[in-house]
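So, here come the structures, one by one.
Shared chain: chain A. Partners: chain B in the first complex, chain C in the second.
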Partner chain A sequence: MTSTRATGLLAATVLFIASCAQTGSIQKIEPGERPALETDEAGLWMQMDGVEEKLRTSGKVVIDPDLNAYVRDILCRLNGSYCADIRTYIVRTADFNASMAPNGVMIVWTGIILRTRNEAQLASVFGHELAHYINRDSLKRWREIRNTTDAAVFFTFATGGIAGILAGFAAYDSIMSFSRDMEREADTRGLAMMREAGYDPRESAKTWQQLIEEKEASDEPKRSAFFSTHPEAKERSETLAKLAEETDNSGTTVGRKRHAAVTAPFRGDWLLDELRQRDYARFEVLLNQLTEAGTEDAELLFYRGEMYRLRNEDEDAEKAITAYIAATESGDAPAATYRSLGLVQWSAGNITEARAAFETYLAAEKTAEDRAMIEYYLKQMQ
Partner chain B sequence: MGERMRRAERPVMRAWNRMGAVVAVALLLGACAQTKSFLTSESLAQKPTNPRVLIMPTDVELSELTAAGLLEPNAAWTEMGRSNVDAALDSLLAGLNTTVVRYDESSTAGSDAETQLLKLHSAVGASILAHKYLPALALPTKKNKFDWSLGTGATALRGRYDADYALFIYLRDSFASGGRVALIVVGALFGVGVQGGTQVGFASLVDLRSGEIIWFNRLVSGAGDLRKPDLARGATENLLDDLPL
Partner chain C sequence: MKRFFAILVTLTVLGGCAAFSLVDAKQQTIGNAYTIKPGIQWSKVADGKVEVWTIDGPGLEAVRFYSGMEAGDRLFTASKDTKMPTYDPAMKASDVMEFVVGSIARGGAGNVEGTALQPAQFGATSGFRFDLSYTSSEGLWFDGLAIGAIIDGKLHLIVYAGARQYYFPKYRDEVERMIGTIETT
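Then we have the complex of A and B:
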């Protein structure tokens, strides 16, 4: 058996080595470059082209021209020569994320736009993604996965049993740390592009710091460090802060005004997406951060009230009422503020206040879809 | 970028991945049968004379099977395979006394709605594979009947192409890499069977008057090679085996 296994392993190794044709160093992609048809890279592009075709007509893609123009403008400012190769898709999803596909499809979650305080922070995300494209990181990762899993499967065959399982873990770990190295490289390159474009590089580390605060508050269980593709947020934040301090930041801007103006029409919807995750502690941190970054306007107060109303713990009803009233007092509160206020007041037994709030809601929202329901509530209160 | 790079593709891609898994399982289980088809009724109520059949963009993908069993898509093979399948479809349908109408992939008119239709067909196709071919997932409401539909939205194609039917084709073909072949050899030494490349696919015929899928067939084969014109023709022939036209 041992000798058969040894022969088999030898045969396998010889054939395996012969089959590893596509290795060697991977150069940066040039602007306008397309992979040659015979390459593994062309296969990855083809597959992602198919995904893009489906994504293009997805109902989750935000088609607003102003928002799209804003995102593209930042991207092209970061690197004019590559911007024609990148197609950006803003996808309506809560949470913090963006990604880059090998064929130049950049996906930006609305949750990341909501969380960035200014143009520079968004630029730090795009710079990182653009670096992945330029460095051909998808291709590198694919080859790493292919070669590592190939090696692991041969090892499994050659040794059998527990050693094979360990080889599997080792392969996984190797792929993950390979990815972490690519992420670090993309962070560094992204930061350089950001500085070059005139954005304050110190904003990059701040973006991570904000996310860390949110995560620490989160009810969600902590991720395992072992299986993570990205260096821990803390490490990234510290490295980026250090790098930013080492560069000359004079003459750079953060671009807060345009960021606020372009995103304002969407902020309410995006906050609602976050609230629907029902991770209230995390949502509260996000609200606090947004409040600190600007002024606590009626919309933020309304969502603060919504958070308390939905969480509905100890003193949440009173807190919700306070927030709703503050929202109505600060002017231009969404009409829904009065509906929510009515509901909470009614539950608290404050019939007069509840009635007044519902009536204000109906007067403000002439075409309210739930008019009949609210009128029914009013009748119930009599 | 984020902490959760691996989750980046989640919202848009997770559904497709899930669908891909269902398709893969449904296609591979019961691999002993080469093809297995379903028809809305035993025969078409009125067999049309010289019907016009619109061939939708053929969804073909050829890949290399790595030693560890991953599929690496290959663009050059795919291009070859797709053109072979398209040529086979043209000649096979012409032989069936039908008029072949080609879907215009270059045009942009109405393309968004039609892209949605292609997506819908992928979803319905995956449902059929899951619920008609996997007994464990059989739906009580669809017992002993075959009544799947793309809805009336599909009838828009009838207006644009003046066609009676639309034919949707999905084919995947994979070939063992050098490493996989080595593993098959080693596996044989140890008495362990290692799967080589596989050819799988499904086809459906949609009545453009109603949007109903009137015929559906699934193909599974451990042999074949879509890169070769004659073998691609053979596979297409198998897939269209009992097409009711």
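Then we have the complex of A and C:
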């Protein structure tokens, strides 16, 4: 489709939606319910159906069956009645965010899975998003927009879907940022679903607190997609903590083991995604949080070393060496630990140590794709 | 990737204003640092220390010729608020690969990987090369390759990338042949 044709189609869609905007109270959506074709809600769904069509074949969508099954299992455990109405898409993207489109497309960034310490924390996010869907908050927000702005603003959102799939959803999030009342209601309903599903609701406030710590440390706090649409983090964290304490939480679980087992194969890649955002202070907080949640295993130590190596300020070379050595001593360090240790030792002028590290790397990684380069380094050091 | 494409779009628009010029199939000098000899005609737009060559459009495939990069230089600028990796003359080949990969990732691409780092001749100079892959914001897979060398502390680098389906393979052989004609000046 050419951009001109696409824009024309979107313009027609916007006019269609605008002309069909309804008024009156909005009821919760029922399981299996679809909007009637002549309604503005159907127009909203149509917009997001188009974006979803592209999302289905996106290379950013994580297709691993175990991870997808895990996410769906949590969602369906929260509310089985709506399970069939929600399509979940795990998108490999750094940073904390999740969103729910009016047509039941729930997007979960891998950055959010990385940051949640257990299943209950993930459930708190899903419960919140599911509540937005059940409450038809997108439709409410759309009608508010229609009453306060002109179609051009909405058109901006609509064209976002053509500019880029995720950009489309991001623009959608931005335009459709929900009111505090809607967020409060989604928090309350999400918390109730958590509790009914057997998850410890106290984990919800903890999730927020972790994010606040990251944001406060960040070099670029405005960059966070989540905080740009959820500004009242502190207040909501306190409210959620209070709400969670008002009920008997005995018998609830946090689901730490399964969360750790399912996410372990991906954690390294996701940490690398975060590290490459180069917000080192924030990344350090994230590493500290993950360490506090469990043990500082070899993988976390390796990425701590990588953070220091890439930041390369003041005492960072020494800190990187310490972290890499700690990783190798704690067992199961990725082979790349030795390569990185070799690089930082070489830069620091520690040739003997650099040689030893590179040789260990080559011995550990028999089929290293950069073997020729490392061997070349070793020759250069002679 | 939205920002990464913004760069590409900017270059395209820049090309519209500054006009893409044709590159004939004869020896070309890149930034007074090295020469290459294309076997076919390309369109190019230059911006500081980089020349972007393309045939079907920079959003589909492009060769980026960097020359004389110095300490603190960026591969590209994503936005004024985005902290981009910067070049450091003390970099080893592994660091340069991370510099390229990190820049593409910081520009918004996903699944960015640099692989198969190996020594390679950059003209008469010992350099390095590696492969690239990443996804755009549309989720489109791109493949790429890069070859470079650090000469007197300055980085000279050629990065070719194109959509995995059709466009990257379309000009790969020509790019490889062109790389074989590099002569440092």
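Keep in mind that, in the parts below, the second predicted complex is superposed on the first by the 322 of 382 C-alpha atoms of A that agree within 3 Å, B and C clash if a C-alpha of one lies under 4 Å from a C-alpha of the other, contacts with A are read in each partner's own complex, and residues count from 1 in each chain.
Throughout what follows, contacts are C-beta pairs under 8 Å (C-beta built on N, C-alpha and C of every residue); 3 or more make two chains touch, one makes a residue touch a chain.
Note that this is a predicted model, so its numbers are computed, not measured.
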| item | value |
| --- | --- |
| Touched partner set for A:Ile145, first chain B, second chain C, both or neither | first |
| Partner chain in contact with A:Ala233 - chain B first, chain C second, else both or neither | first |
| Partner chain in contact with A:Ile63 - chain B first, chain C second, else both or neither | neither |
| Which superposed partner A:Ile107 touches (first chain B, second chain C, both, neither) | first |
| Chain B versus chain C as contact partner of A:Asp95, first or second or both or neither | first |
| Which partner reaches more residues of chain A (counting touched residues only), chain B or chain C | B |
| First (chain B), second (chain C), both or neither touched by A:Leu55 | both |
| Which superposed partner A:Gln47 touches (first chain B, second chain C, both, neither) | first |
| Partner chain in contact with A:Asp370 - chain B first, chain C second, else both or neither | second |
| Contacts of A:Leu37 with chain B and chain C, given as first, second, both or neither | first |
| Shared chain A surface residues [contacts with chain B and with chain C] | 54-55, 57-58, 60, 93, 223 |
| Touching residues on chain C, where the partner in the complex is chain A | 1-2, 5, 81-85, 88, 90, 92-95, 98, 101-102, 105-106, 110-112, 115-119, 128, 135-141 |
| Chain A-touching residues of chain B, taken from the complex the two chains share | 1-13, 16, 61, 63, 66-70, 72-76, 78-79, 112, 115-116, 119, 177-179, 181-183, 185-187, 189-190, 192 |
| Chain A to chain C touching residues, read off their complex | 54-55, 57-61, 92-93, 163-167, 170, 219-220, 222-223, 273, 276-279, 310, 312, 339, 343, 346-347, 369-370, 372-373, 376-377 |
| Chain A residues within the chain B interface of the complex | 4-5, 7-9, 11-12, 14-16, 18-20, 37-40, 42-47, 50-51, 53-58, 60, 91, 93, 95-99, 107, 109, 112, 125, 128-129, 142, 145-146, 149-150, 152-154, 157, 179, 183, 186, 211, 215, 223, 228-230, 233 |
